[in-house]
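A, B, C and D label the chains in the order they appear, each numbered from 1.
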Amino acid sequence: MSPDKKTLVKMYETMSRIRLFETKLQEFFAAGRIPGFVHLYIGEEAVATGACAGLTNADKITSTHRGHGHLIAKGGDLKLMMAEIFGRKTGYCKGKGGSMHIADFDLGILGANGIVGGGGPLALGSALASKYSKTNAVTVCFFGDGASNQGTTQEALNMASAWKLPLVFVNENNGYGISCPQCKSMAVTDIADRAAAYDMPGVVVDGNDVLAVFEAVTEAVKRARHGEGPSLIECKTYRWRGHFEGDACTYRCDEELKEWMAKDPIPRMEEKLLESGVLKKKDVEAIRARIEQEVKDAVDFAEGSPLPSPAELLEDVYA
Amino acid sequence: MSKKTYLQALNEALRQEMERDDKVFIIGEDVGRFGGCFGVTQGLFTQFGEGRVMDTPITESAIVGTAAGAAASGLRPVAELMFVDFIGVAMDQLFNQACKMRFMFGGKAKVPMTLRMPQGAGIGAAAQHSQSLEAWFMHIPGLKVVIPSTPYDAKGLLISAIRDDNPVVFLEHKLLYGVEGEVPDESYTIDLGKADVKREGADVTIVATSLMVHTALAAAEKLAAEGISAEVVDPRSLQPLDKATILASVEKTHALVIAHEAVGFAGPGAEIAAMVAEEGLEFLDAPIRRVAAPFCPVPFSPPLEQAYIPGVDDIFNAVKTIR
Amino acid sequence: MSPDKKTLVKMYETMSRIRLFETKLQEFFAAGRIPGFVHLYIGEEAVATGACAGLTNADKITSTHRGHGHLIAKGGDLKLMMAEIFGRKTGYCKGKGGSMHIADFDLGILGANGIVGGGGPLALGSALASKYSKTNAVTVCFFGDGASNQGTTQEALNMASAWKLPLVFVNENNGYGISCPQCKSMAVTDIADRAAAYDMPGVVVDGNDVLAVFEAVTEAVKRARHGEGPSLIECKTYRWRGHFEGDACTYRCDEELKEWMAKDPIPRMEEKLLESGVLKKKDVEAIRARIEQEVKDAVDFAEGSPLPSPAELLEDVYA
Amino acid sequence: MSKKTYLQALNEALRQEMERDDKVFIIGEDVGRFGGCFGVTQGLFTQFGEGRVMDTPITESAIVGTAAGAAASGLRPVAELMFVDFIGVAMDQLFNQACKMRFMFGGKAKVPMTLRMPQGAGIGAAAQHSQSLEAWFMHIPGLKVVIPSTPYDAKGLLISAIRDDNPVVFLEHKLLYGVEGEVPDESYTIDLGKADVKREGADVTIVATSLMVHTALAAAEKLAAEGISAEVVDPRSLQPLDKATILASVEKTHALVIAHEAVGFAGPGAEIAAMVAEEGLEFLDAPIRRVAAPFCPVPFSPPLEQAYIPGVDDIFNAVKTIR
């Protein structure tokens, strides 16, 4: 299925939104204004964007420690995200969660996750609930190359397939789990090959090509929605920044990074849109300006928001 | 009202809740046609079908995570681990996911899941199939911990657990499954966090849980024969813990013995003792005593296993050191 | 590699020893004379026997809840086993472990295991130790069809392959994990297909043909010993008895059992040995008589042994 | 002797033990060239090579199980989990395998493995990267639990842990990595199970662990200014627990405050309080007080996190309620 113009433009916007949002985080982190860990998604925007572009709000995602891209792609509110990352009371989680624990159940975002592989079992539950309640919704479970070796992930792949759950596993293979290159953490080259171990379709796509991701995931979502069970889509990509901000990245070489930066998914998409006439140069500039404003508004919102007060500590522990 | 076993009471609670609320479903290993390793889910598969009584692969992380994810999505799963001992492969999904979701997300999630797990020694199942791990669960914010000792409590507490909007760990004791008691046929609830005074007494308070409630009651009989009047308090849930009932009892009796089957060190009794030493120290006229399993894994051979499980004499003797 | 005569006879004896030992356990359990759980291996003898026949005492195995067969095949002492299963002080574990927790480190038996999937990670450690100390020993990890879905097993498969450890995974696919048929616990038909997910060889063999098991495992052991990494051998077999003694087995049908009983590995081997002249009828009878005596001696030893005393409870907790 | 940070002391302990005994090796995620998430294994990869400093996939069950299996096979692994919070996916391999093997096998196995894990809040890492879980580990027979508070203790205790023939959980605190102290350059051991009186005092005993030792010492200063003399006892290991030193201190001061960062309910302090209520009740002239984190997950936002971690005033005020 190839996307219509509106979807194409939306995808371009989404990728830009992720990029600009995170570029701002990068600045703020360097300035010491963000507490805790920040794991940036810069360079990988096409994955989340392509994977979520065909989903509705009724569809669900489970995210990871590197979750900003997923959240934005699924429609997350920049203001609420920024406020949360700044630890403000007005943030998505009232400041209790931070970057690694943002959720928005209304948008089908079941939460980022600080535990590598933690999302797989939860995605089973979400997909089961859709099947149980016959809602037709599909759950997309994002996980990394590193996460694919975790037992929980593998259990999730197995049970999803044994139960034919409406689930799509989107593997973001950025080549590393922190400092550990894929070739050291597993013997296989393509994580998609693991799909066969559970008798589900496994596909490798260029994770820096948002259209390729969109197509593969849309196909898998269709299967899932029709009761044909889960699929595994491996998206080969790369993270430009360190594992977390502050990581000196001594474990990889500049050439590798440069190669991948040349494959930046955003200009790639931009060119396509300009060439095909879907967008004009001035549209692109307008989009960028609009998103920059959104990000600025988000920062203003966050900075203008109060911090939570200690009295709130014991709230939200029990329902 | 009629005589039912603890197991039948649990089964009836599950059946009635499933009849009442079609969001309630059962998930676990061999819980379907097989009826569960100990038979607690017997008959439910036939009545409700595989859509609501779901056999899983052997994959405890996925069981607990599926329950958590489904609960956060609006259902009311009742998951079973065949033995509490298996929680070690699934603990993350319980303590980091199910129990923290609500807090981490700033109150946005509700995770109404129940996780049933049989505990305890006594059937020769050895070190990996006989433990009592309630102390671990007590230490997890966001979780409730229920541990019934009688058929009546089992039914009412399980119904409350299922209706509770939080993750609840529900700890059954294998040796109690066959124990009989009066149980109403109709549905009823027992508030989580309300202790039950199983026997009134004046001279010493024995706080006991699960199987040890019965052992404590037997010890109380024996003590009565010697003129010592023991009050037996069963907290029934350890989180929330009914401090008021325990403190009131100690205020009356001035002495406290705590009995549980978990190993003593850093066990559930430690919290109860500490709480009383903080909030009721002035009530005590004697040292607190804990009666618990020795600090070793559960042994296989019957004479060792019998020595491992705290007995009537252990409780009796503990009381005698202070009364 | 095809086995020499001595090995052929030894395998026949081993299978018979397992069968007769467990048939005795079955009787004793029915008579209420064995405490706890007993998981019998009857019908599956060819797997453990074929897998262990080519191993030395320096090689290691990790076993499961259904471990008697593995232990006997690896040379376990019937007396010490029987005494342990009877809960006697003279047993392998001084009565502390019972059927599910027998080990004999001198024979390379690293322990039965009550946790499904528990053995995989331990086998990694054993194999790593051999590699680390350059001992040339190989570790064989037994696990069931049910266990293959457990995260720990899948983590072990992955790490063994990523690290090229001297490890052979022997899957005993008896079609069920307690009441759960394989087709409900996974979507794949052959567990051996999971090997590809970790880039290791995966082979399916007839688990009721001791020679087929021997051959496949011996080949895999050779690879492992030569530093070529792990393999996965799936042995299709069947358990005749319930999951544990006392299980009424209502989840499977008599025909299935009958079919498999017709494939009994012991007479199959016996016929081959008789036909090829390796054994004569009277040798077979002598072997049987000898093993019956061994089992009887084991029972006498167990029954004549004292129970442990409560004072021993706190021994062996710490070294 | 020279000034070293807690982190450097740990690193030196590892290096010296690896130099001394070639059966000692390191295994964990990113412990190799990367040097560990917090840098504790920095430089060891270069010195000892990948044969002895092993980067694993993200696979904590396999890490702990590999350590257990290798230890049972004669080696002395030092495994690292990046954060103690990750133990939930690997608990089975620790408590059911590594810690029970020896007992289940009738004394035949020896499992000399060390499992290092950073604990604690304070770096904005939120609910799944900030916990203090020592209470769980204390409740596992067969396991030793070490929790150093100073660079000196860190080095000596880690060397002892590595040489110990049992599984040892070694709990570091992230906020202590940068703390400096005098540390001998040569190798030395500190007996597991020996508490250290970090400050002598006469009026109240404060038993504190890990980061809270420093908080307690600061509180003791503040109390001294008000004429209250506090003794600060650091158990250093929680299993074995040096009951004698704690009881002797309480016998002298007649009052006990326990401070730790883990949540209070069923936390490590419960055991210490219970032990004193059993064995030293007559020494007490006031209720026991526990100072601990509130019963909630660790929050992210700095003001919440600061409120979460027990502070000098919390200890000071707790003492003031009884002195």
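Here is the rule we go by: a contact is a pair of C-beta atoms (placed from the backbone, for glycine too) under 8 Å apart; a residue touches a chain by one contact, two chains touch by 3 or more.
Treat the numbers as computed from the prediction; the structure is a model and nothing was measured.
*Asks:* Based on CA centres, what chain would you say lies at the far end from subunit A?
*Replies:* C
*Asks:* Can you give the whole-Å distance between the Cα centres of subunit A and subunit B?
*Replies:* So the centroids are 40 Å from each other.
*Asks:* Centroid of subunit A to centroid of subunit C, CA atoms only: how many Å?
*Replies:* Roughly 45 Å, centre to centre.
*Asks:* So, what's the distance in Å between the C-alpha centres of subunit D and subunit A?
*Replies:* Taking the average C-alpha coordinate of subunit A and of subunit D, the gap between them is 36 Å.
*Asks:* Which positions in subunit C are in touch with at least two other chains?
*Replies:* 93, 95-97, 101, 113-115, 118, 149-152, 155, 158-159, 162, 184-186, 317
*Asks:* Which subunit D residues sit where two or more other chains touch them?
*Replies:* 56-57, 59, 61, 85-86, 88-89, 92-93, 96, 103-104, 126-128, 141-142, 295-297, 299 - these are the residues of subunit D that touch more than one other chain.
*Asks:* Using the contact definition from the top, classify how the chains connect: line, ring, star, complete or other.
*Replies:* Topology of touching chains reads as complete, every chain touching all others.
*Asks:* Which positions of subunit A touch subunit D when the two form their complex?
*Replies:* Per the stated touch rule, the residues are 35-37, 87-89, 93, 95-98, 100-101, 113-118, 146-147, 149-152, 177-180, 184-186, 250-251, 307-310, 312-314, 317.
*Asks:* In the complex formed with subunit C, which residues of subunit B make contact?
*Replies:* The contact residues of subunit B facing subunit C are 29-30, 32-34, 37, 55-61, 85-86, 88-89, 123-129, 294-297, 299-304, 306-308.
*Asks:* Considering the complex alone, what residue numbers of subunit A touch subunit C?
*Replies:* Going by the criterion above, the answer is residues 149-152, 154-155, 158-159, 161-162, 164, 184-188, 193-194, 196-200, 229.
*Asks:* Within the complex, which stretch of subunit B touches subunit A?
*Replies:* Subunit B reaches subunit A through residues 25, 51, 56-57, 59, 61-62, 64-75, 77, 89, 92-93, 96-97, 101-112, 141-142, 144, 165-166.
*Asks:* State the interface residues of subunit D toward subunit B in the complex, per the touch definition above.
*Replies:* Subunit D reaches subunit B through residues 61, 85-89, 91-96, 99-100, 103-104, 126-128, 133, 135-136, 138-139, 141-142, 238-239, 241, 262-263, 265-271, 273-274, 276-279, 281-282, 284, 286-290, 295-297, 299.
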